[in-house]
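Here is the structure we will look at.
Labels for the chains are A, B and C, by order of writing; each one numbers its residues from 1.
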Amino acid sequence: LRKLSGAFSVAQALEAVGETFNSSTSHHGLTHLAGLAQADQQALSFLSDRRYLSEAQASRAGAILVSDSLRAALPASVSERLVTVANPYLSFARISQWIAVQLEAQRESQEGRDLAPRPFGVGAWVHPSARLGQGVQLAPGVVIGAGTVIEDRVRLSAHCVVGRDCTIGADSLLYPHVVIYDDCQLGARAVVHSGTVIGGDGFGFARAQEQWVKIAQLGAVRIAADVEIGSNCSVDRGTLEDTVIEQGCKLDNLIQIAHNVRIGARTVIAACVGIAGSARIGSDCMIGGSVGILGHLDVVDKVTITPMSLVMSGLDKPGVYSGSSPLQAHRDWEKSAALLRNLPDLRSRLRALEALSKKTDQP
Amino acid sequence: LRKLSGAFSVAQALEAVGETFNSSTSHHGLTHLAGLAQADQQALSFLSDRRYLSEAQASRAGAILVSDSLRAALPASVSERLVTVANPYLSFARISQWIAVQLEAQRESQEGRDLAPRPFGVGAWVHPSARLGQGVQLAPGVVIGAGTVIEDRVRLSAHCVVGRDCTIGADSLLYPHVVIYDDCQLGARAVVHSGTVIGGDGFGFARAQEQWVKIAQLGAVRIAADVEIGSNCSVDRGTLEDTVIEQGCKLDNLIQIAHNVRIGARTVIAACVGIAGSARIGSDCMIGGSVGILGHLDVVDKVTITPMSLVMSGLDKPGVYSGSSPLQAHRDWEKSAALLRNLPDLRSRLRALEALSKKTDQP
Amino acid sequence: LRKLSGAFSVAQALEAVGETFNSSTSHHGLTHLAGLAQADQQALSFLSDRRYLSEAQASRAGAILVSDSLRAALPASVSERLVTVANPYLSFARISQWIAVQLEAQRESQEGRDLAPRPFGVGAWVHPSARLGQGVQLAPGVVIGAGTVIEDRVRLSAHCVVGRDCTIGADSLLYPHVVIYDDCQLGARAVVHSGTVIGGDGFGFARAQEQWVKIAQLGAVRIAADVEIGSNCSVDRGTLEDTVIEQGCKLDNLIQIAHNVRIGARTVIAACVGIAGSARIGSDCMIGGSVGILGHLDVVDKVTITPMSLVMSGLDKPGVYSGSSPLQAHRDWEKSAALLRNLPDLRSRLRALEALSKKTDQP
């Protein structure tokens, strides 16, 4: 873990992220963030979950962000190192960003790094009809197609390829090797990680005798502001309308979003999820890892799906849904799996007994 | 959705795709394709499924492709806008391609786009011993290895890397960032989307004391004509023979095809599927999303596997197979999952009752 | 399958890989490796599993590597072609590597290939503060960031991007289009296949009112020696500590390794697996294809998980675990799946019968 070369105080950190510091003690000399168990005296840590109370008590952290309620549960011995905030996890998130910015500046100013500019601005292929905003950074190998608009302060990392007639919103960051096909739109502050492909053809074919005839995918992909997409994801373009990801969604890695899908605002999707064509997912949903969602169905807002579940039909009530199969020692599983296949038989036998017992019961 | 700048008639469209137009009415002034619900008067739509009869009736589409049998089910009020074809979905597919070609031409001819040639033909690294056919297009960053043959009219998009001694069949289109390892062959009219890797090493290691010893993967990948592969797929090279994908297969995104797998003609595979080593899949199969297929087994022709099923042994009869676990409200699932583990106990208790009832029955 | 232009003998092959040849017969004139069923007289094959005894008996292979115990089970008719080794599969693995090296040399020396050097060494962007060891090969489009160390004899294929302050261990091979983010370390002899992304941001966000606030991922990825990673994998950087993959691990394709995960030495992971944040996997584990492992749990050494199982809690005993759902004909599955949901009802009815039978039993 990289540390800041100069130290900071908790007061500095909280003020930098726009929060108020309400503590009598100072907590100076911090250089990095750390988990409660790993922290040393130069580390700022946080406690946001009652389960870690004992870790907080034993922690060597120089300072610990804590809520009022959890503070009350800790002994006096640590109280001097506690700093009360409204939402410790959120403060930690904000401070992590503040530290990341400083680490970046620190890295850039290291000796030898000013011998040459970062290799941005060389070796990119930009079509003359494309329009680049103020402060755009293009790394080597970037390719930008005709008619595309790259808004202010966008950073396109090495070998990013943006097709024709696209828009990349202001302050977006595309990591190396992102591909955006023709006509797609990314909103402001998009973050897209390496290997992700946005706007590839949806999977549509019509059968003719002895072959599949491709259905040209004439729509595109429209992604609203503040969306982050992990690495190696595939977001397909729509067939006759756009595939849409709304404001503030967060997608992990290796996710498949098929053509014509709509995902509501602030929905988060864990890794390895596949969502089939024309599914509509509501806002503020949480989709667990490796979940599958079939096509042409609606999931309402505020639905949580636990990992490796398959959603086979629409869900019209908020709530938590599960469908995975439980893990067992292999020998036990063999028996359960065989019996699962025999459930209809078990039920028939149960029914027979019930019928019999009724007879027996009625003299 | 992009629209054609000039309008077309249904007669024009059908004739362009080689179908006959048998209607008395004309249906001029169309500019795009649309679904029944989204269509306006400039849109051509289609009805291929009885479930959408009411949508067709309410549709504002300028013209609707329909089969004879579905036409009969629609009221006279819309009949003027109906155009009978043998297979509406297939006609729609063909017309979508016809429109895509025109949209492409239209885009290329836009003002400003002729200021400079498309950036093809610059910045590619081609080994002198590679052979390029007529009309091949190479985008920036393309790398082609020694001894490779790129047949006529192939388009290699930005940063595609083709290894040594490969063949890319005529009229193929590789989107940006496709990687083809040494010795692999793609047939004519292949379409491969971004981020897909063809010919990476199969996963083979032998155990020696405290380490795994790699088995060199000496085979390659052989893909027949008319195959389309989506984005971010991995198709591994064979160990001692080739991994083979036969004519007309269609693969969606994020699919794993392990070494030595053979996939029969026209089989379609949905996203996130994994097929393990040396599996042989028949022709005309349909593999649902997130399915897993274990290695060293045979699946016959015309098998359909529904999403998120695991194929653990060979399938020797055509038909539809399923193995996913049903979705439930989380609380209900907790009970079912616990009981699933206790199925052997339930069966024992059932047996005990059956034994008892026999005794009771026989005086 | 490519063959050697010059022939070899079994004695040569075994000596080349450091094994002793203990046979009276010679077995000359071999040009390639092949499976028992596909082999011809120029092929060297192997028998390492009793199930293939009859294939060995029928094989046309010029020579067959075999263990003492399996040799005894074969008839005299083939004994002349058998060569006894301690571990036939391991000898086969080693010889496969020996042949691969020769095929590579053979390919490079083909006529026309010396017209020009391989395109290495041109078109790479290397920051002046990066340090390159002896014999490093850089293909076109390689980008190397400030402060990064590329050790001796590393080969970076086309368009590989290595960030700032990374280390790539000696003799590593990165195939085209690998991306390594800032600060990551790969040990000696790493092999990483195309499209794999190492060091992307872990998936961490804190909720604030109507948005998700990103948690900067300040850790990195540390990969020990002798690790191979397949194509299109995503290995995320840690939040406050490093994501760690220990010595000798082998990962297949399309695998997700989330932030802060630790994977013990020599563990092998099949394709399409997802491992969630902060999971710790032991050494010498074998994780089957499409398995999911939830976060914040421990799996001990020597655990095997069969394909498509979900690990929902820690595993503290070595052994084989399963959790997939069995495949059935779709009609049967419909019944079983419905009954699975009704298991609580089945159990209640069973309990009622048990209560009744107790009453009946006790006069």
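Keep in mind that, in the parts below, a contact is a pair of C-beta atoms (placed from the backbone, for glycine too) under 8 Å apart; a residue touches a chain by one contact, two chains touch by 3 or more.
What you see is a predicted model; the values in this text were computed from it and never measured.
If you sketch which chains touch which, every chain touches every other chain without exception.
Although chain A and chain C carry the same sequence, what matters here is overlap: shared residue numbers make up under half of all numbers found at their interface.
Simply put, chain B must spin 120° to overlay its Cα atoms on chain C, rounded in steps of 5.
Inter-chain spacing, taken between the CA centroids of chain A and chain C, is 26 Å.
Counting partners per residue, chain C has 141, 159, 177, 195, 232, 254, 272, 290, 324-326, 328, 340, 346, 350, 353, 357, 360 as the residues that reach two or more other chains.
Contacts from chain A toward chain C in the complex involve residues 1-2, 32-35, 38, 87, 89-90, 92-94, 96-97, 99-100, 103, 107, 110, 112-113, 115-116, 118-119, 122-123, 139-141, 157-159, 175-177, 191, 193-195, 226, 228, 230-232, 248, 250, 252-254, 266, 268, 270-272, 289-290, 307-308, 324-330, 333-334, 337-338, 340-341, 343-344, 346-347, 350, 353-354, 357, 360-361. Taken together, the chain C residues at the contact with chain A in this complex read 125, 127-129, 141, 143, 146-147, 159, 161, 164-165, 177, 179, 181-183, 195, 197, 200-201, 203-208, 210-216, 218-220, 232-234, 236, 239-242, 254, 256, 258, 272, 274, 276, 290, 292, 294, 304-306, 309-312, 319-326, 328, 332, 335-336, 339-340, 346, 349-350, 353, 356-357, 360.
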